[in-house]
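The structure follows.
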């Protein structure tokens, strides 16, 4: 087990936890050092993983998952394993998570009570990494919960505004989702094999393909809604604006950047991957919901005046697009969905980082109370414009490629209904432009609104490092999309889509 | 063909953008300006070389048997959707892209040079953000070049978006000015809305066709030559057949192909400011004047025309689409010309004139049919695009020079400038003559061809467009007389007299004026035609059409001469004679107000706000009420835990008795 | 068949038990209640003797009558003034209590009387329990012997002593 | 006797009186155990021993309860059970 590189995605955060636990409360330097070294190690690890993964793929390893290890049994009576393995999607997600953890560390350079903060933050990321590497449903669910719980404390303690309310709401709604999810997962477990060898292992379940169609129609909504709550699917999205608005910067980054991806990833990995028949049959219900998310979130963002609310609604819109594309059940749209997850993760993290930095200076997030910040803090202003451009889908930045892949993929769907909905979803690009430019125009451009803001300073080095890293990542996806598409595409090996072949035909 | 030069043509502006954008703040203004000009100058030389190679080298890749072919210099897969469907970034050389290379690099270089003088005040101090300005100009040039050499419709869309963004950045260059900010926002959002149509059109087209390549949509490969294609009617006929076989014959009142083409044209309407999506262009004049010259007169706004021209063979398949283009173009042309007659701001007059002239090109494309003079309209449109780019850029740069000298956009502050700014005066006059269509200036030839094409299609179109041409001559000379004649220039106390500008500004004016004088004699039909077959204008030249159009132009000029040469009461009388018409024209037919109403009252007030309210109160309220219900329920059962032991005994007893009762019931 | 004397004794004991228990819960003087309880416990002890469980009867008298009731008396004397009446019961609470008691009685009675054969069964003969049997049963660890519960009860008693001391200790 | 215990436990407010009622109920149950043991299974001693242990535990429980009552009396000057709702949520 220990020779498998994947396990270190969990081991390193645990070591970081121990390291920070040993640090003195007041020794901020040591705490930061542990956090930076650890997240750097994770970043390096994920890069190595990426290279190694591509190397193995190039060498002809065409199994659905690589680095699979299924030897550790946790609880024999229920056949729960610590099963790990990755495919292209997980690799991409791990890469994303480590980048955001790395930048999030820098974004929370000056946080109060750093020891406790980093302890919870890293516990959260342990859950996230664990979730992405596990292929055992139960283990996956456990890591999922590990990722959710620290959020309550992180928002409740370090948040701002109505933090208690938001933290409670967020946790309860996500827990409500988890309840559905748990039900769905247990249902899957009990139908995981026709011959009685029940298993939690995703690969085995997919290979068995034993879940009866009637049960799929019951379990698919369970799991899809369960994960969909975290993916901010309409009408279960309302935790997101409040939660993000109250959360501290790094938590917003990690939450919107990575945690919401758990939802999309879970929908793909569990709901669609294991129950494709139900997905095909019920897709229209969820298409309507996600289609509404896409447009609705964008419209709501148009009239909000709190920066974080705007961004949270835009996340609703963008994450809605992820789920939307997943439901299209064809390779291109799903590739687009994964790209959108990467892209949205990076750019929304960038947004939240910048909002946090601006808030840290002006102490307000109301766009009506700010103006002309471009002149005062050009660096942050330029970064914000770049983030905005990425969000509204400017070619050369990540938003464009992912959205286009989604639209083209979705429009390939043979069914008229799906194509019409694709057009509806397309409309979001205009609305996105409206609210992004509205914010940029009010916040950054125009005359300086508040004389006091004139004395504010531009970004510090750690803030620059954090934002520039994210921008480079966003631009890398935007400029060289085919690299990522290849990485993801190889995941959709014929076995996965053998089932889907009957449901969707790409021209 | 060697790929180095094409790659350099695209790479140099991009590099300049990154260099000036990232490191610009570290270098001096002067260095940045010179770097920008040098970069663009290099691209100019390379583009001229490429175009010359294409048109005159006689290489069989570019033309065989006198037929000009499309040649793909390189085509790199950028984003693969499916094995057959991929966005590629490539470099397509054909008559129109080669012509556009010349146009873009010429104007762009002129603007780069001109801005060296324009973007500084009278004391020679450079404006704040000078490096940024050059960076954005380079970005724009890059995107525009990428747009015209696109090998597939998606590449075009990519650069289409990029030019939109760089236009946004340049219009909002003076970002402290609220009007500039809102103008840039408006420009971006209106064109974005149009791009939505473009995107949907692309999606529909690609859904049936299966890929995005122009070489598949409009041309077929030449058997003997690699990567070389000839435009012919067979390819679009094949596409039309695919649609006929697979798509529903009628979808909401039109065939699916018509819808796709009209939606794509909608993208063009947005960029080219056709009615009703024209409202952004007059506002876009908030940007620095060189930007207006480059983007909003010469290059970006003709992208819509270019798009239709690029897909022209496909449009030929659907007559309805072409008719729609014609009608939209004709209405826009007249509308913009009427509005231009009443505006005070000289840049706005030029903006509406641009709209009107682009509409000319659109109409010309709309009326082009191969059966009539080998689609004369297509050539005429491209020709007019070329000449218009030159003289409109010239007019804008002149206007910029005047604004720079006077410090105001309003012609009421100008008058009688001919004595003070002779170079500007003469070049402006040349520009006006060219746009009015006076022989031998370039506008005459192109406009005359457009009118011939209209006549060949339908006499209504011809009369209509001739009327617009007359109006064009009138409003341009109205502008000219009001700026340079009318009455003596009044110099305010403490101001020095306006004077001609530095050589960096004058040189571009002179060059462009020279081009405007001679460009009409370029044998354009030899170079550009819809299917590559050379076409001799002179053989088809119709003196009656030319004579009439000349007469109309002269009449327009004469009217302007009478009304505006020196101060008199005629304009006032005219205004009082048709007050309603004048007011409507002056207020641009209240389009802005209509849009304001739609966006603010309907979209924001009628959709966004209710939705946000719905979200906070209904959706969120439901979620909160779950919590509230749980809370209430627990409050309700809380008294059960009273701490009174005897109550617990009661519950216990009741429970036991109930259990006993149930058992008894079961046993019995 | 049992002797008439033992039958009469049985009825006397039973009646006394019922009477005193009723009195114990209805009297308003708390000290009297304790006394009635004492009588009830004695009656129960007599019942054990009648069933030939002499040891149990002895334990009943020693522990209950001797220990617990004394504890009660001490507690009562500590917590209330002599002559202090408890509060008068309201008719409502009395009625409710009666309902509950009767319902319980009904259930228990039903359980008993539904097995009528028990009531008429003769008392089977049984060898007298000698102390050796009781001792080995309590201390043995084989089947049906109770070393472990015995030890558990000892530990419990120890815990009670300590707990009682701790709880009652002055702070 | 058991029913009397129930009645007393429910109606009385004095804790000692309640404790008395509790003892009554316990005794009733004890007697039941013994009687059933004696009449149905004369050869076995389970009922008897159970009663034995019950007596021991009852003794312990009473002792503890009385200690608690005395403590409460000290704190409250009152042993009315209705006053004892301070420890609830």
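When the chains are written out, they are named A, B, C and D in that same order, and each has its own residue count from 1.
One rule holds for everything that comes next: a contact is a pair of C-beta atoms (placed from the backbone, for glycine too) under 8 Å apart; a residue touches a chain by one contact, two chains touch by 3 or more.
Just so it is clear, the model here is predicted, and its values are computed rather than measured.
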| item | value |
| --- | --- |
| Pair exhibiting more inter-chain C-beta contacts, B-C or A-B | A-B |
| Central subunit by CA centre of mass proxy | A |
| Subunit B and subunit C, separation of their C-alpha mean positions in angstrom | 102 |
| Length of the line joining the C-alpha centres of subunit A and subunit C, rounded to whole Å | 69 |
| Rounded Å distance, subunit A centre to subunit B centre (Cα mean) | 37 |
| Distance between chain centroids, defined by C-alpha means - subunit A, subunit D (Å) | 61 |
| Per-residue multi-chain contacts in subunit D, two or more chains | 6, 10 |
| In subunit C, residues with contacts to at least two other chains | 100, 104 |
| Touching two or more other chains - residues of subunit A | none |
| Contact set on subunit C toward subunit B in their complex | 100, 103-104, 107, 110 |
| Contact footprint of subunit A on subunit B as seen in their complex | 77-82, 85, 87, 154, 158-159, 161-162, 165, 168, 172, 175-178, 181-182, 184-185, 188-189, 192-193, 195-196, 199-200, 203-204, 206-207, 210, 603-604, 607-609, 611-612, 615, 619-620, 622-624, 627 |
| Residues of subunit A defined as touching subunit B within the complex | 168-169, 172-173, 234-239, 242, 296, 299-300, 302-304, 331-332, 335, 372, 374-375, 389, 392-396, 400-401, 404-405, 407-409, 411-412, 419, 422-423, 426-427, 429-430, 433-434, 437-438, 441, 444-447, 481-482, 485-486, 489, 506-507 |
| Touch list for subunit B against partner subunit C, complex | 650, 653, 656-657, 660, 664 |
| Subunit C-touching residues of subunit D, taken from the complex the two chains share | 1-8, 10-14, 16-17, 19-21, 23-24, 27, 30-31, 34-35, 38-40, 42-46, 48-49, 51-53, 55-64, 66-71, 73-74, 79 |
